Each structure stands twice: as C-alpha cells, then as structure tokens.
Amino acid sequence: MEQTINNRILQSSDDEFIINVGPQHPSTHGVLHLQLRLDGEEIADLKPFLGYIHRGIEKMCESLTYKQFIYLTSRMDYLSAHINNQACCLAIEKSLQVEVPERAKVIRTLMAELTRLASHQLWWGSTGLDMGAVSPFFYAFREREMILEIFEETCGSRLTMNYCVPGGVMNDIHPDFVSKVKKLIQQFKANIHEYDELLTGNPIFQSRTRGVGYLPKEDAISLACSGPVARASGISCDVRKKEPYDAYDRVEFEEIIASEGDCFARYRVRMKEMLESMKIIEQLIDNIPAGDYRAKIKGIIKPPAGEYFQRVETARGELGVFIVSDGSNKPYRVKFRTPNFSNLAALKPMSLGAKIGDLVAIMASLDLIIPDIDR
Amino acid sequence: MMQQNGFEQILKSIFPEITLSKCAQFNAIELKPESIYAGLEKLHQQSDLKFDMLVCLTAVDRVTHIEVLYHLRSTFNGYDLIVKTALVEQPYELQSVVPLWRSAELFEMEIYDMFGISFSGHPDLRRLFMPDDWEGFPLRKSYKTTDVADNYLDSHKLLLNQQE
Amino acid sequence: MNAVKRYFSSIFNAIVALLKGMRLTGSYLLHPSKILTQQYPENRETLYIPERFKGRVYMPHDENNEHNCTACTLCQLACPNGSIQIISKNIELPDGTKKKVLDRWVYNLGSCTLCQLCVDACPSDAIVMDNAFEFSVYNKSKLIFDLNRPGSKLKEKKTEPQV
Amino acid sequence: MITWIGNKLTEIFGTTLAPYVGYVLIGFAIITLVVLMAVISIYLERKIAAFMQMRLGPMRVGKWGTLQAFADVFKLMLKESLTPAQADKQLFNIAPYLVLTVSFLAFAPIAFSPSLQLWDLNIGVLYVTSVSSVGVIGILMAGWASNNKYSLLGAMRSGAQIVSYELSAGIAILTIVMMSGSLSVSGIIQSQADGWWIFKGHIPAIIAFVIFAIASTAELNRAPFDLAEAEQELTAGFHTEYSGMQFAMFFLAEYTNMFIVSMLGTTLFLGGWMPLHIAGWESFNHLMDKIPPFLWFFGKVFISLFMIIWFRWTFPRLRIDQLLKLEWKYLLPIGMVNLVFGAIITWLGWIL
C-alpha cells in the first residue's frame, strides 16, 4: 500500500514543486487529474491520473442486451454521441449481416457529420475560453444551438439522442430537417469569417499556439494518436476514407492533413474539417433516398458466436468497437477503443518543457473528453 | 487478394509454424505468452511489415484462460494484424511492450487494472481507473456484479416503498 | 534594415488583427437585436418545443379512460436501467376466463435515460414520449409515477388493425 | 452646505474634535462614492460583456438587473470569510485590506472637477503611480500567505508583470509630464485648457497614450494580461483561497483600480474635466462649456473604462513569457524613443 501511494506521487527536488491540476480545474473539461512537476513555470514532468468518472461501461455492457447497451455509449464521448451509437450499430449489423436501407445510411451519415460539426464548434468555443477569450464560446454556441435544435426535432434529444438502432435509425427525419440543415449551412458560411477574425487571425492566439505542443509524426504513430491530433502531425488516418462506412463511400471530401504538428496545426485541421463536414452535408442533403429508414430485425438480437469489430471516425479520432459474442442475447465482452484514451498519452511528450499556459493550450488542442477516457 | 497472399508469405517467413486465422475482419496470429515480446518485436522491426502502431491492446476473459489481443497497424502499407496470446495459469504475467510502442503504456495499465495481468518492465504500473485498494479485477468473469437493470430495479422498489 | 521593417510591420499587422476582433465584438454590442438568450420561465408560452422532444414516458388515455397497454412487459424487458415495473393482476371476465390486465405501470423518471427503447419495443403503441420537462422535486421517491390513470382499462379492440 | 455641516460639527463636538470628525465623514463619503462607482462598473462590465456575447446579462434583480451587483456585494458580505488552516493567518487577513486601502489612497489627488479635488499635491501624478504600485505587495502577500501553489504562482506572475509594466506606464506618463511641465494633477489639467494632450501632443502623445493604455491594463491584472488570476490556468490565482468579503475586497479593488487608471489616463491625455474645444467653432465651444466639468470628467472616464472592458471580452490571454516580451521588446524601447521625440518636440515648442 505504501508502495502504491508512493507510485502516485511524483518526486521533486528542492527547487521544483508538485502541483495538482484537477480533478476539479477549469481547463481540464471534466475530471482529469494531472500531477505536474514544475520548475518555475516550466513543466518538468507530468502524470495523468484517471478513473474519476469511471463507470465501468464495458462491464455494464456485459449485463445488457445488444439493443440496450447502445445507449450507454452516448455517455462516453458525449459530444459525438451519435457517432458512438453508430459504431455499435454497425458492429451489431455486421454480426447479424443485416443490410441497412439506403435512406438510413444517408440519415446516419448526415447526423454524424452534424454531430462532428457541433462537437468541433464546442471545441472552438472552449479553445477560446481556455486561452482566456470568453466571447468565442458564445459565438460558437449560436451555430451549435441550431444543430442541436435539428437534433431535437428529429431525434427528440439534444445530446445523447440514442437515434441509431441496429438496422437503421429510430424514426424518420423530421419534415423540416432538410430546410433547417440548409439554413444552418447558409448561416454557418456567413459567420465563419467571425471565427477567423476573433481567434485564427488574432496575433495573441497565434503566438499562444504556434510552435506550442509539438508532436512529431513518429511520436504520434507510436502513441497511436488518431483523429485531428494525428492528422495535424501528418498521418493520414481518417477512417471515413480508409474504411468507408454508411454513406461515406458516395461523398467526396478531403482528408485534412497538416504537417506542423503544433497546436495551431491541430486548430487549423479542425477548422477545415468543419468545412469538409459541411461539404459532405451539402452533398447528401438533397439526395436522401426514399424508402425505409429501418430494416426489420428480430426483437431479440443473438449474433452468432465470434468477434466483431467496427471502427468509425468520431470528432476526436478513431473509435473501435470490439464485440465478442458467445451466441447469447448479451455480449460476452465489449471493448471500446476510444480516441481520447490514446490521445491523452500524447499530452506528456507535448507538454514537457512547456509552460502552464501552454499546457492549457495543448489540452484545448487535444480536445479531451474525460468520460471517453475513463469509460 | 494478392496483397493477402503476400502478407501471409511475409508472416510465414517470420513465424514458420504460424497459422493465419481471422479475428473480426482482421488477420490474426496466435503467439505463446513467453515469446510474445520477441514476436511483436519482429513484427515491429520487419521492414516489409513495420507494424509501427499499436492501435489497441485488450483482453478477453475466456474463463479457462485470458486472451490478450494486440491490434497492430502499419501506417506504411495499411496492414492490420491481431496478435493473440492466451494466459492460462495465474499469476498472469506478460512482458511489457512499452519499448516498442509508447501507446502500450496506458493500455497495459488498463489491462492490469481490469484483468490483473502484470506487465514486467512497465515504467509505471498502477491501477488506472479503480482505486488502489480495490479488490478484484472488474472485467474478469469471476468478478460478480449485480445486473445493471436489477440493480436499478432494486433502488426503484426501495423508492416505491418510501412513497407508500 | 529588414529586421527593423519586420519589427514594425509585425506591430502593425498585430494591431490591425486585434482591431478586427474588437470591431466584431463592438458590432455585437451595438446590435442588441442579435441577442439569442431567452428569459426562460417568462417565455413558457412562446417556448419552442419540438413535438418529438423526449421529456418523459407517457401513456395516452382516450376520453373513456382507456389505454392500449396489455401488460406484456416488453417495455420492462427493453428498459436498460429498470425504470419500468409492470404490475399486473388477473381478473375474471364475464364469460369465466381469466385475463391478465395492467394494474400499475410504474415509471421511475429518476433513473430513466429517455432512450426511447420502451416506446420502440411496445407492440401496441400504449406508451409515447411526452414533451413535458419540468419535473423538479425535493424527494427522489416523488419521481416515481403510475402512468395508467386510476380506474383506466384496456381499450377494446373494435377492428383488428391487421396489416 | 459644507460650511453649514462644518458649523454643525463644531456645535456638537467642539472645536478640537470637529476637524477629525469632519475627516472621517469626508473619508466615509469618498469610500462610499468609490465603492458605488466600482459596483456600477461591475454592472456595466457584465452588461457590456453580455451584449458582446449575444446574451442579456443580469436580468433578475431590479429592472434590467440593475441591482445585481449590489445583491452580489450583499451576498458576499453575508458569507463567511474562511482562512485556510495552513495559511499565514495575519498576512492572509491583512492582504485584502491593504489592496483595497491602496486603491483608495490613490484617489486623493484626482481632480473630479475644478472645485472637487481632495488634495492638490504638487507631485500628484507621481503620488498616484507610486501608491498604486504598492498594491502588488498586497497581491504578493495574499499569494504567499494562502499557502497554495496556485496562489503563489499567481502572485509571482503578478509581481513580475506589475514591476515590468510600471516602467512603460511611467515613461508614458513622463512624456506628458514633460510636455505640460508639471507633476501636479491640476497643473496638467490646466495645461490642456487649449486642447487635450492627445490632440496637441502630436504623434508622441498618441504613442504614449497607446503605451499607457496597454501598460495600465497590464498593471490592472485584467485580460488579456490577467495572468495573475488566469482562470483556466491557475483557477483564480492569488485570490483562490479567499471567500466572502475578503474576496469582495479584491474584486472591488480591481474595479477601483480600473477607475484610477481611467482617471489618470483621462487627466493626462484627455484633458481631465476640460470640455472638448475645437479651434474656430465658437458656438460649439460655448455649448460644450455648458456641460458641467464633473460630467465631462466622468464621461471620459467611462469611455476609457469601456475600452478596458472591450479589450477584456475580445482578446485571448497572453502567456507569461510573451507578456514580458511585449513589455521589454516592444513597449519599453518604443516608449523610450517616444520620450526622446516628445522631448525634442517640447524643446522646439511645437506643441499646438
């Protein structure tokens, strides 16, 4: 016990000191606990402590049926709740070998891209907030609110919608869906210049992010980073491109890759990804095929024994759902390979030698969602 | 398919007596726990494969044994490979692969926490999610919990009684 | 000389970029019509709530105080967190046969995650998601409701809606 | 009326005691005025911030939330002031009083109107700058005594920051002092009777004004220079451990300091209580003279306050090394060169 407690504390010399950031701290966006060894303002060592919001979702899944456990995954990365649900549904569909109707595929993809847009907008706002600029947060929420309203109309909830079900989607899209999405895109395009004026072009913001939190490509690979974090370091890793699922094989979009690997590169990758998401939505919104929105599947899902894996691209990176089935109506084992869990590991190599202010910028650029790490 | 054959050949050249199986949609091989590090090192170094990314590391409790799965990916040629190993007798122990992939650090901590597999050579092996003094390893099948729904239902009944 | 030029141009560009940001916030200050905040309790009448909004599970009753629930407990089985408990009773029909009917449809809003799986599972459309959302109470046990109204009974099926 | 109060006091307390009672009353009046202004500026700041962010801001207490700031002060007064067990108790409890006292002291030489000036010190401007820099000692005390690493870091940052920015603020003030040839507040205002320094001081005065604006915002520990309390980094910096009225004192001190800086800036660059005159527009000038000097002064003060608020709600925060870089690489060299130019202009007598 003594030993384990000692393991939990960083050792420091006389002219350094240990500071605990979190679990309650404004910039950790949740209950991340970091222990820093500081040399003045510079970070000499960093150690993350997790588990403050560990709910044992993987264990809970083992006692829930296949239909039931999907709703739990919205509570992992709550900002890409729909994409998490989608990943589970895709894995289950794969196991049952159900063909999802075209309409459902397109609706899911649209929803996933809207989720990504909403998530990135929240990230943009909170990045500004972390840097000390409060106003961007509210400007970001304006467009995000429109997206959430669209969700509310179609799915009934704003964040954890549980809209995906194995075989399709829960209910058909709202009659206003198409017109509202078009209006959203129009307004977003009209307002995107404000994002640039407030943060992107701001010299203070640029000096806070440029060259800060450099993550070389080799490190990003070795740390299994994914999503915008990896793409900003020059790794092509977009699952939507590599293994297109749902309707991603019929849309054209660009995988945004930057090579700088610093916070500003990650910022720019996400900003451009928003535009790419918009492109995907624009391509699909006019071509939602008619037909069923939900394939008929049995009330009790019993996938044949075996292993099933599905990966998707959430707003933060690659989410892998690994289901081991023993043929019963409950999964034998479910493993979620969550993007933030791996991205968190990149925090230490990035922030060694940086200042406390940089740590905040780095965390903002990683866009950590703590429940996704702890699960 | 051509790629598949080539991939199989390269694997065969490294591990002569291995059989290629499938795990989900990926190729999978099974290695002995004793030789897991050496095998993974080969996969990591081999210039044709170069599995430079450990995408995921997880374990499945199969009751008779614990199966550890290494999901490797190569960013050069896009190969995915799952390396399985079965741990039969307690205490479960494996050699840490942190020297090969740094992402293993957190994954191994999680597996240590959830399955009680200790990884020798890990720089900072501690319980990641559970408290230090937690007893048992939650994701093992022998770790009994009340059913989620039952658990809720109990509290529900309790509240119902209060109401009356 | 070049360095001096760069020094001053960096200052100039920085000031221009900062002024752009100030122009943006300043323009919002001068346009109060763009304010998005709503004054919640006052605007209850004008509040927009989409008809699909999931506020709680609700059991519609018709004018004869009849509902559709057959007490099949499919919703109870579908619920991932045990928020539903169906208490049924056996009654004797006039022709002498016994029939299981709904006694209480107990719903725990406190543990409900509004996932809509029960509504999805219901074969007879007895339950729907309702828009109501103001449920704050001081005691958790007050979050448990009986969804079927007192004295309600199963709707007689006049025409079998066989499809 | 003042003589009437004076006579009444002499009647009640006798000749020896009356002046002291008078001083107490004057002090009380000033403190009330200052606190009132601070509270008003808190409300203004919240409203301006809200409007900039497409929000309504406080709306519940009073019409349009006008009484919100008073309600907050009242709430903070009722709250218990906690002292951490491991804190240096004396220092911890003195610090907020010191900070607030210092910011009140700096009001002494400020001229609100030609007749309303507490103390026309002949080195008034020097007095304000020197007294207001004592405040950093209070901040350091608070940070050190809290026995909290966040507080300590915040206090140290604040120390480094204020000491650095004092220099360029001083140099900017010096430019005007040199042009007007006076250190007293009334003297500087009188020298602007024929035009404010920002208009007649050519480019050096304008540059000095910009430098003064930046440096004084930094001295105030306000965004974008609020590193001492950087919320996202140090939770609340030096006042993390303070609660209740002690916290309110830091809060009030921040807003009173905002006032002092705005008043100083107004006095130095914007002509104090002098009305706006444009050469040749006689009727316009006459009309401007009709507005009482008191209103002129506060109008200008609130405009500069608004600028400080506007900065805060637009810009992200700097990092500590960038903050010091801005001071030592940009503001100070420019300020010094500017001072020389200002001296040349003054020497040549080019002032309009």
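Per-chain numbering from 1; labels A, B, C and D assigned in written order.
Assume a contact is a pair of C-beta atoms (placed from the backbone, for glycine too) under 8 Å apart; a residue touches a chain by one contact, two chains touch by 3 or more.
Just so it is clear, the model here is predicted, and its values are computed rather than measured.
The chain pair with the larger count of C-beta pairs in contact, out of A-C and C-D, is A-C. Distance from each chain's C-alpha mean to the overall C-alpha mean is smallest for A. Distance from the chain A centre to the chain B centre is 23 Å, each centre being the mean of its Cα atoms. Inter-chain spacing, taken between the CA centroids of chain C and chain D, is 51 Å.
Per-chain Cα centroids separate chain B from chain C by 39 Å.
Each of residues 18, 21, 24-25, 36, 79-80 in chain C touches at least two other chains. For chain D, residues that reach two or more other chains under the stated contact definition are 52-55, 313-315.
Residues of chain A in contact with two or more other chains: 64, 68, 135, 142, 198, 202, 204.
Within the complex formed with chain B, the chain A residues making contact are 1, 4-5, 7-8, 47, 50-51, 54, 56, 58-60, 63-64, 68, 219, 221-224, 235-237, 242, 307-309, 318, 320, 322, 324, 332-333, 335, 337, 341-342, 344-345, 349, 374.
Residue ranges of chain B in contact with chain A, taken from their complex: 23-26, 52-56, 58, 60-61, 71, 75, 78, 101-103, 105-106, 110, 114, 124, 126-133, 138-139, 143, 145, 147-149.
Against chain C, in their complex, chain A makes its touches with residues 64, 67-69, 71-72, 135, 142, 145, 149, 152-157, 160, 162, 165, 170-171, 174, 194, 197-198, 201-204, 299. Those residues of chain C that touch chain A in the complex are listed here as 13-14, 17-18, 20-21, 23-25, 36, 50, 52-54, 74, 78-80, 113-117, 120-121, 129.
Contacts from chain A toward chain D in the complex involve residues 17, 19, 25-27, 41, 128-135, 137-139, 142, 198-199, 202, 204-205, 207-208, 355-360.
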